[in-house]
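The following pair of complexes shares a single chain, subunit A, combined with subunit B in the former and subunit C in the latter.
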Partner chain A sequence: MTSTTRQGRRGAFNAPRRPRRFHPTWHFWFALPAIILVLAFFLVPFLANAGFAFTQWTAYSSDITWNGFENFRTLADLGVLGHAVLITLVYAAVSMLVQNVGGLFLANALQEPTRVNNVFRAVFFIPVLVSGLAAGYIWAALLAAQGPLNQFLSAILPGGFVYSWLGNPVSALVAVAFVDAWKWVGLAMTVYIAGLNAIPKQLFEAAALDGAGPWRRFWKVKVPLLAPAFSFNVVIGIVGALSSLDIIFAATGGGPGDATTVLQVASYRQYGQGLFGTASALSLVIAVIGVVIAIPLISALRRREVRL
Partner chain B sequence: MMRIRTGGVAALTILALGVSLTACSAGSSEGTDSGDPPTGLTLTLWHPAFDSPELLDLYHAWEEESGNKLDIFDVPPPELMNVIQTKWAAGEKPDILGWLGDPAPMLALNPLQNLQDLSDMTFVKTADAVALNGGTFDDKVYSAQLGPLAVTGVYYNKKVFADAGLEAPQSYDDLASICSTLLGSTPGVTPIYEAGTTGAVMNLASSNYIAESNVDSAFSDAIADGSEKINDPDGPIVKGFEAYAGLRDQGCFNDDATTGTEEAQAKGLMDGSVAMFASDTNAVSRLDALADAATVDATVGFVAVSATSPVANSHGNPSGTLYLPKTGDSAKEAAARDFINFVTGPAYQDYLDAAKIIPTFSGVTTPELQGLMQDIDKASTDGTATYWVGLPGFGGGLSGEVQKLLAGQSTPQQAADSVQTLYEQAKAAIGE
Partner chain C sequence: MSTTSPMQASRLQQTLKYIFLGIFAVPWVAVPLWMLLVNSFKTEGESSVLSLALPTEWAAVENYTKVFTEGNYFVGLGNSLLIAIPVVVVVLILGSMAAWAYARSNAMGLRVTFFISAMSIMLPPAIIPTIFILTKIGLQGTTWGYMLVLTATKVGVIIFLAVGFVRTLPTDYEEAAQLDGAGRLRTYWHVILPLMRPVLFTGAVMLVIGVWNDFLFALFLLAGKANATLPLTLYSFALAPTGAVRWNLVFASVVMTSIPLFIAYVVLQRRVLSGLTEGGTTG
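Moving on to the complex of A and B:
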């Protein structure tokens, strides 16, 4: 590479001088549609939302005025801000964890491209294609106090079983996080399968010859070499869960009470009450949390990949 | 026109693609009803999807009469407020809007700026006082309410009560006593079914309880002039919340109260597995969907219940409450006023006769009402029908706080404190 560069430079130096022709705008025109789309649908709304977070903007008045951190103060006074941040983080952590453990398990089970495995891969990927609202409504029906899950449990447990899974604050939060994980586990599985297939088989054979059992081969060979897939799945899982709305909205509406009121739901409720400034403030919090979590996480995971 | 006070915010507003300033433009005709109404136009109408077929027939009758067309957009009921507010905030407005019939949600539309003043229209002269009050702000009328008004009270299963030797309740002490009896004598029956997924939880926790404190708007006026606060420890809001939490702790509610639905509520009352639930007039249609009217009348009764006496609470009904947004198109605004004249005037009696509802205008003949509807009519006239507290910030925020109270996530005082904060937040937004 170095010699090629040197030769190239030398060649250029010795060649007859020709007028240099630059087309500074030539590449720009190809990028322009993408730039416009990003500006119009990401940057401008994001900046506008960030600005509106510091304004008094409500349906009650036509005036929009700066009010500093008043929206955040009001949300804190109402107990909405701290609670929604906590619920969002718990929800994202549970969802990401279940999604990755489940995805890794399925990837190991279905790694070989046999006909049966291909069928099951498709089956586990279907929820990814299902709309979040549909998933939420379906699971709300399955988890209802008199729903199919409890009927099944009643059939196999002595004395019957009645429990409102979405009626208890703790089980409701865990349940909706599981539903989110269920919906996206197929994607994590696909990424892990790709990662597993990229690992040379000779490494497993060598480890087996050295006397490593299946469990040891998994932890010492597979898991370290899956680092890139792991980075992708963890970051996408967390960031996706941070902005989750549809599943929770359909399954619990943020309830019982505010037990599953993540930031997106809280923002939606503020918006529905005509309190657009506070809704923008909550949206800004989501963006800030996403950045604060994602950047150090990506950085740490990438460093780990390099070390491995 | 949306006014922006600082240049920075102005820039942000221009950046925000979703906020269309042009759609907020004034230039409304604020027209009178003189002259021939325009014809050959297409008007947009947003309305709650639960509007009755009879109401839709009334709307379609205007199409035939006027030669205009209606482009009707159905808004799903659970998201009525969010959907309309979202579209409204983005600058989108219909020519005719079916919206909640109380002052609090009306204020969220910024009526002075965005709605046509209907004060000079004919219907105002014959409108029921409660219906008129629901659409009035700053001495201007902004809505026409076709009715029926939503009267809140308690629905009960007559057979369950008869078998247990119980009388219909009149007060919250009665509710607690009846609950205690039923829990002891008929363990298979849920004394009170709460639909915790809906805003209907406000009925038992607040609307019914404060009715007797709010006769002639006494309580809401006291809040508005600052002589009382929502979160006064001895005030009716906190006391109502305490009574509600007491019923919850007594085990009066269904096990799945926090996830309960209005459909399950109605079904349980009809089949006798539920003894009571608190709701408004609109529950009749849910009950009627399960059986014929005669069976419903034989099975279910309705009574007014307030803190210590049977005072009914009336408020505007989201079904059939119509507003006319200022759109800047004077022809369409005039056609929309013609629509209001039609549905509140010559066609109103036909609508009443078809829908069999309690009218909200004088000078018409009340149709023969279903027995249960007669109970509701009686409850609202025997007891002093009082108006729901029409304070800003009191709608969606209150139901959210009651849902937390129901789930045991807040105390009555904490819930009332939050409602007070929401009220102050909305008041500041209005500029009061």
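Moving on to the complex of A and C:
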């Protein structure tokens, strides 16, 4: 409704639209620089990646030739492909989960902009500012076998506690995913606070008058209305985790063994060896995972936008 | 403010909440920061113990001097500033221009490019073809190429945030400016840009954090010590020769690479958080 009236009003300023001919209005010229950049350095590489993944392309020859699924076969034979996919999915899932549970919890506790709350918000936002490398180094030190965490555990547990958190494949993977979440939970918190602030207060009051307790109000009123903030955090969390590399480089270097070698790290390794074809293949896998996760969530976001 | 429970119960609840949050903040934020700082003041041998204790022998001056001399720090700082500032400014301008156009147009072509821009935030970047393109145009490994790619991959964030914001603005101001004879560029600069300030501030915060800390693109797209940004100087310094990690130097280097953003945060903290929590993020 509103959009048609708006369009009608705007019509007074634009040349009448002639069908089937390209008559750029000012809109086009204003968007053009951004369009060129996005097409040249996002869309084209994104599409080209799908092509390069099926080519024989190395640093040792200037020829790029098609080789079908050869890159994927090579990676599968090396045991890199399936393993890296699995590691990446676990990493993204753990990180996204911790980020959102933590962010939602903090947002609920700190929604009101009181003075104390503002101090706490500021404190919990600090890790967002730290670079991924810095986060990786700090936590590698905290989690070291003789490090502060184990010193603390030794103090409260009988008989001392020595465990190499980053030395065991499973705990190392969970630990680096946790560091990723640690770094981003402050941002998820702010997005959820913004979401909570966008909910009209009357809705809670109405629900309370209708006899809904705090728990019911949380699940039946807050959670559904927080859906846009939720989708935003989930997509950004997962996509961020998919291209995460710095935390892992700093904390484990991809090890122990290849326990934390996510796709992005594996791709960098192939690239580092001059194997651009296989590196592209791994990059394509990241892109496909991203598309499969992001598209349904984006369309859900857009549907909601229309409704609101 | 909106609590419905009786006063006393809610006060007790509040107190318990803050005690809990305080206890939570200790391992979550205080211990990591303390770990970082205190170990950056220790000697190499003492820092390798990785404890939270105060140094028995202070080596702060030596450590930080090493970061400045061996760690390539000022080159990294200079490059980071020379890259981050123009990139953020250009992204804000190009993004807000495009956002205004997208918000006020229903043309099919623009709807498609808006969708692609929104996708660019949500999908992981394809780095190897990017390198291919930069190599073709002779910019691979250079600061210019890196800045171009950063600008292109970040502009979507501003477009996405600002389009949602502009759509909620009435068109009256722009129309008044047009009637007064202002051209599109003047209207943009004097009317639209000031109106967008809150959402652009929010966007700028996210941009600065993302650009300043970028390691992924920097690793692939920047070559050579002379072009290194702070994350790259930190990484190469931490990797440096001997094999064993020199924790005191790594931490001193982490402190120095984080400090510029921290100073900005301390100065702007209130605006940063109120911008992020009230403005546009859900737009």
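Operating definition for what follows: the second predicted complex is superposed on the first by the 267 of 308 C-alpha atoms of A that agree within 3 Å, B and C clash if a C-alpha of one lies under 4 Å from a C-alpha of the other, contacts with A are read in each partner's own complex, and residues count from 1 in each chain.
The rule we apply is simple: a contact is a pair of C-beta atoms (placed from the backbone, for glycine too) under 8 Å apart; a residue touches a chain by one contact, two chains touch by 3 or more.
On a predicted model such as this, the values are computed, not experimentally measured, just so you know.
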item	value
Contacts of A:F276 with subunit B and subunit C, given as first, second, both or neither	both
Contacts of A:T74 with subunit B and subunit C, given as first, second, both or neither	first
Partner chain in contact with A:P33 - subunit B first, subunit C second, else both or neither	second
In the superposition, subunit B vs subunit C on subunit A residues touched	C
Touching partner for A:A259 - first (subunit B), second (subunit C), both, neither	first
Touching partner for A:L166 - first (subunit B), second (subunit C), both, neither	first
Contacts of A:F124 with subunit B and subunit C, given as first, second, both or neither	second
Partner chain in contact with A:F52 - subunit B first, subunit C second, else both or neither	both
Touched partner set for A:W66, first subunit B, second subunit C, both or neither	first
Residues on subunit A lying within both footprints (that of subunit B and that of subunit C)	40, 44-45, 48-49, 52, 144, 268, 271, 276
Touch list for subunit A against partner subunit B, complex	40, 44-45, 47-49, 51-52, 55-56, 58-66, 74, 77-79, 144-145, 162, 164, 166-167, 169, 252-253, 255-259, 268-269, 271-276, 278
Complex contacts: residues of subunit A adjacent to subunit C	3, 6-7, 9-10, 13, 25-28, 30-31, 33-35, 37-46, 48-49, 52, 109-110, 112-113, 116, 118, 120-134, 137-139, 141-142, 144, 146-148, 151, 182, 187, 190-191, 193-195, 197-198, 201, 204-205, 208, 228-229, 232, 235-236, 239, 242-243, 245-246, 249-250, 264, 267-268, 271, 276, 279-280, 283-284, 286-287, 290-291, 294, 297-298, 305
Contacting residues of subunit C [partner subunit A, same complex]	1-2, 4, 17-18, 21, 25, 28-29, 31-33, 35-36, 39, 49-52, 94-95, 97-98, 100-102, 104-107, 109-110, 113, 116-130, 132-133, 148-149, 151-153, 155-156, 159, 164, 171, 175, 178, 184, 188, 209, 212-213, 215-216, 219-220, 230-231, 234-235, 238, 247, 250-251, 254, 257-258, 261-262, 265, 269-270, 272-274, 276-282
Contact set on subunit B toward subunit A in their complex	1-6, 8-9, 12-13, 15-18, 24, 78-79, 81-82, 85-86, 88-89, 107-110, 113, 196-197, 255-259, 392-393, 395-397, 400, 403-410, 418, 421-422, 425-426, 428-431
